[in-house]
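The first chain written gets the first letter, and so on, giving A, B, C and D; residue counts start at 1 in each chain.
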Amino acid sequence: MDPSTLIFFVLATLLVVSSLMVVFLRNVVHCAMALVAALLIIAIYFVTLQAPMVGVLQVLVYAGAIMVLFLFVIMLLNPMTPEQPRRAWWTLGTLLALLLAGGLVPMLTKSEPAGDPLAATELFGSPEMLAKSLFSDFVLPFEIASVLLLVAIVGAVVLAKREH
Amino acid sequence: MIVDFAIIATKAFLVLFMVLNLAGVLGWIERKGSALIQDRIGANRASIFGFAGMGLVNTLIADPLKFLTKEDFVPPSGDKFLHTLAPCMALFPALVTFAVIPFGDVLNIGGREINLQVANLNIGILYVFAIGSLGVYGIVIGAWASNNKFSLLGGVRGSAQMISYEIAMGLSVIGVLMVYGTLELQDIARDQGLLIREMLPGWLSFLQPVIGWLPAWGIFLQPLAFLLFFTAAVAETKRIPFDLPEGESELVAGYHVEYSGGKFLMFFAGEFAEIVTAAGLMTTLFFGGWQVPYLVRDGFHFPWGTTWLLPHLAVVFLQVATFSAKVLFFCWLQILLRWSVPRFRYDQVMRLGWKMLLPLALFNVAITAVVIVAAQ
Amino acid sequence: MVTPASSIVAYDLLRWIVLIPLLASVINLFWGRALGKNSAGALASAAVGASFALALYVFWQLPATGIFRDLVYTWFESGSFRVNLSFQVDALTAVMLLVVTGIGFLIHVYSLGYMGHDDGMVRFFVYLNLFIFFMLLLVMGDNLLILFVGWEGVGLCSYLLIGFWYHDHNNTIAGNKAFIVNRIGDFGFLLGILLLVTELGRQGIWTLDFLELQGHVQMLSPAIISLITFLLFVGATGKSAQLPLFVWLPDAMAGPTPVSALIHAATMVTAGVYMTARLHFLFALAPSTLSVIAWIGAATAFFAATIAVTQNDIKKVLAYSTVSQLGYMFLAVGIGAFSAAIFHVFTHAFFKACLFLGSGSVIHALGGEQDMRKMGGLKAHMPRTYWTYVIATLAIAGIPFTAGFFSKDLILWQTFSHGATLQWGIVLITAGMTAFYMFRQLFMVFHGECRADAHAKAHLHESPAVMTMPLVILAIGSIFAGWLGAPEYLWGSRWDHWLAGVFGAAPAHHGSVSTEIMITLITLAVVAVGIGLAYAKYGRTDSKVGASVDSGSILYRLSLNKYYVDEIYDGVFVRPFTACSQFFAQIIDPSVIDGAVNGIAAATRGMSSIWVGLQTGNVQHYLAAFLVGTLALLAYCLGQL
Amino acid sequence: MVPLHYYLIVSAIVFAIGVLGVLIRRNLIVILMSIELMLNAVNLTFIAFSRFLGSMEGQVVVFFVMAVAAAEAVIGLAIIISVFRHRQTLDPQEMQLLKW
């Protein structure tokens, strides 16, 4: 087994474990930290998949900003009441999730293996290429995304502002 | 193969070693500097056989020993795991950031060309910010884990402050990136070896005799960006005047109230490491990094024509030495700041970050864009 | 005969003839009040005047067999079926164009005086210009659809203007009547158009363009053509007030008199004639329809005349005479003498407009009085009106060397020579009756002693020049307009040559010149008898007008009450229809329709009360359901793989 | 070279785990986090495909997904805050007013 595959499996195990921790840990902050770990692992995957730019963005945006926001909110609200799960619902949910995974995996494995990885050049995934496609083919979505973010800012301010 | 690996390992070790030592030295500088500024002697109690070495013994030997031998206290109602994790998360980013900062040009030795930079990423500066953005976890987690109202408040403040100033910091750097047209710090450092006259657009050529002889350093091309970056960087290090997360006067010690011993030492070292990293970034982005004015690979070429050839090793040595000197200068500057300016109020911090630095940074980006387009 | 395409000339001026009145109308509509009533009226008149000038210019340039075309833009296009908004002017259109704009201009000027005291003057001129616009659309459109648009448009304007004084409910009712009756006719017309298009389309020709139609109608089977032409003629009976749809025209007199003159005498009502003439190539292929038209024309002429002889309302008399004259035109159409029909349209426009305007002047003088029994002896008070009225009366009665003489005589002669002796007899008698009731009117209104009440007498006055000038011009026209179409034994007709480009060579005259002269003499004799009777009954100063007439006889009462046609229609069509509507509105709608709707609503509510339980408000339950659905899809896809 | 399937399978599993979290947790913040987890699983597939098809589109899409995720998180958290203010709880089961 060549080292890259080995690394892959190690990361995969870590990823799955941390995702499970996100779902099953009782303490919200622990969940958040587990999620951070998962995000970082995914970022590493991105880098190994020749998408360094996106990987760094993943760290910067998700781990660096969004998750910090989560923690910020958690500390702000500091919910003390622990949640008490209901058995029946848990079993049902677990069943459904298992079914989903059991459906998705064969689905994805059935899809024929994709074409030559050689298509990835040296520049592939570099900021230049990302920027090129962003500002040539995807200008409109890009602009729309900016507007969306603006709207999100306004909405957040309006929602979270104490009215008095 | 093995050799390459060895080279990389050596570079990494050297950088790590230097940064950590520098952090220690900074501790000494801080204490003696404060003593000087406050007209006391300070840090002179500890001595070995009567040798105090101007407090070097105190700061480099006694303090670490004291820290490491103290009891590592975890608040009973706290979260032990996170409480331990937090200091590491505070120290780690500050250390790894330095990996992409070049401390010299290439070193030709034994037919090999060694790039004097630990990791040469084509997304260097982004990497810096990504890692830097992780630094906030140390505070937040630590604050939350110690389950203490003061520290919680400190953590909340810290998270908000750091996120706010990261934005201003990133935006202030964008101007520099636009000027040098790359994200890679080594390239940025190399580009600053040029002279301004080589960058001047035609319609500004009348400025040649006036500023043409200057090296094309960031400080000359992006002065406003430097001011913004400096402010934001100081805020990122959570030091006075931006020490709201710590806030001795109102929050006792803020997010590390509940820390002691080795963990506190890690926070402490982390802070100094951040200073070093910030200084390194300022040097690389705005002050030519390892560039010595008019010094190129084979020696000095002065604008008035005289050339002064040097052996390769001498050149490399000069470059590394210059880099270290610059970094040291900026570290000293940041430390000096602590004892010379009053603290902000929290709302003032937020207003400064969002209502002054951010708009100014955007303005800088716009102006830079206009000038670049005009220059083409 | 198909006009060779070579003689079609593109001519961008045409669109302005149509547009100028529309522009004036729009301007008045929005800024009329700001302009003030007088300047608004002046603007409107000037606009029509400009159109008239343009029309003259175009007419001047038009070669005898040529066609001017102006393609504005393609209105719509579907497959090979393309309809243009484009105008054409050929000899026929040119005549109508001059009549519409010329007479229209005179009547606009006249209205300046007549409507001067009316508050709704601006609105009046807006409508009037709009009417001119639509009328021009009707006569200048180069395809059937544009013609139809104009056709409906003039109907609308007629409706608006009949109900112009909407404060009086009866006027509104009259307007509605006109509109509804016209709808019946227009329905036939529309059916005719659709049938024409679809039938031609079945032959692979998708067009409404007149020239192309002319080129292709031979493809159709005679039966189809008869049906199409019949339906089209139904439209004509509605618009041109022929039996059985003439009933709206007399009531239309509720509108202001200039309107009656312009719309209900000179132009709009002749649209039916124009349409049949425009589609002559189609009608010519349908002899059965033509005979029907001939019969209806003759019958209408006679029928309306018999009503006219007893009417006492000055405008009603003129209205029925209009119907009667229209009957003449359709008779001419029916016997295939299209150019004669258009000739009569032309002359009739002059003298009938003159008559209406004259009556308007009288009504104006008497402060709105319309009952001839309350008039008389006005000759002294309003000489200009009187003399013009006399001339117009002579013209319509057909006194030699007036316009009416030439046109009516032409129709009579053509009828006779065409071999339709019976119709000829009818219209011959009608001619006599026409002379009778027109002179009856002349005597009742202008001769004898004045029977108006004191108040009316007080401010009895001749109308201002702005009203009498048009009268004079029209009177002149009523004499000389006819000279264009003099019979062969006089200096001959230029008219037929002019229209030959459209209708082909005039039908050859069977019968000799001597016969023609004899027919004319017979007509004149009958006319003389009519005049004599009128004089005997009403002319002599000692005749007791109004009381004297033998109101006892059944015939008289029938005629006076218009043969109770309105009552019959009311009983046969209107009442059953309203009753039926009542039934549906009060029984079917509440019970069945509403019942169904409410029932559905109730059913929905019942069902939802069952399913509402599924809506727990818990997001996670929804997600679970959603996930189940996803899994089902997934299973399906897996099955596909 | 790690084959494409491996990545896809991993992302599928992570996705299912995220769904599970959204289903069973009774804490809005955790639910939101699980949603982020699902998003990232999908991002992983995108990046994997873009690598193995050698086209940048996948990375661009991930870029947009991040932007949208940021907006979504911000708004979601704002909603959570305001909800928590009104009825001192984060339990979605407590928020069932939106029904007949």
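Structure notes:
Here is the rule we go by: a residue touches a chain if its C-beta (ideal position, glycine included) is under 8 Å from a C-beta of that chain, and two chains touch if they have at least 3 such contacts.
On a predicted model such as this, the values are computed, not experimentally measured, just so you know.
As a whole-number value, the distance joining the C-alpha centres of chain A and chain D reads 7 Å. We define each chain's centre as the mean of its Cα atoms; on that basis chain B and chain C are separated by 95 Å.
Taking each chain's centre as the mean of its C-alpha atoms, chain B lies 35 Å from chain D. Chain C and chain D, compared by their mean Cα positions, are separated by 75 Å. The residues of chain A that reach two or more other chains are 53, 57, 65, 69, 74, 76, 89, 93, 96, 100, 104, 107, listed in rising order. Counting partners per residue, chain D has 19, 23-24 as the residues that reach two or more other chains.
Listed for chain C are residues 620, 624, 627, each touching two or more other chains.
Chain contact topology: the protein chains form a pattern that is neither a line, a ring, a star nor a complete graph.
Here, these are the chain pairs in contact: A-B, A-C, A-D, C-D. Put simply, chain C touches chain D in their complex at residues 608, 612, 615-620, 623-624, 627. The touching residues of chain B, counted against chain A in their complex, run 79, 82, 85, 121-123, 126-127, 129-131, 133-134, 136-137, 140-141, 143-144, 152, 155-156, 159-160, 162-163, 166, 183. By the touch criterion given at the top, residues 1-10, 12-21, 23-27, 29-30, 32-34, 36-37, 40, 43-45, 47-57, 59-60, 62-64, 66-75, 77-82, 84-85, 89-91 of chain D touch chain A in their complex.
Against chain D, in their complex, chain A makes its touches with residues 4-5, 8, 12, 15-16, 19-20, 22-23, 28, 31-32, 35, 38-39, 42, 45-46, 49-51, 53-54, 57-58, 61-62, 65-66, 69-70, 73-74, 76-77, 79, 81, 83-85, 89-90, 93-94, 96-98, 100-101, 104-105, 107-109, 111, 113-120, 124-125, 129-130, 132-134, 137-138, 141-142, 145, 148-149, 151-153, 155-157, 159-160, 162. Residue ranges of chain A in contact with chain B, taken from their complex: 27, 29-30, 33, 36, 52-53, 56-57, 59-60, 63-65, 68-69, 71-72, 74-76, 78, 126-127.
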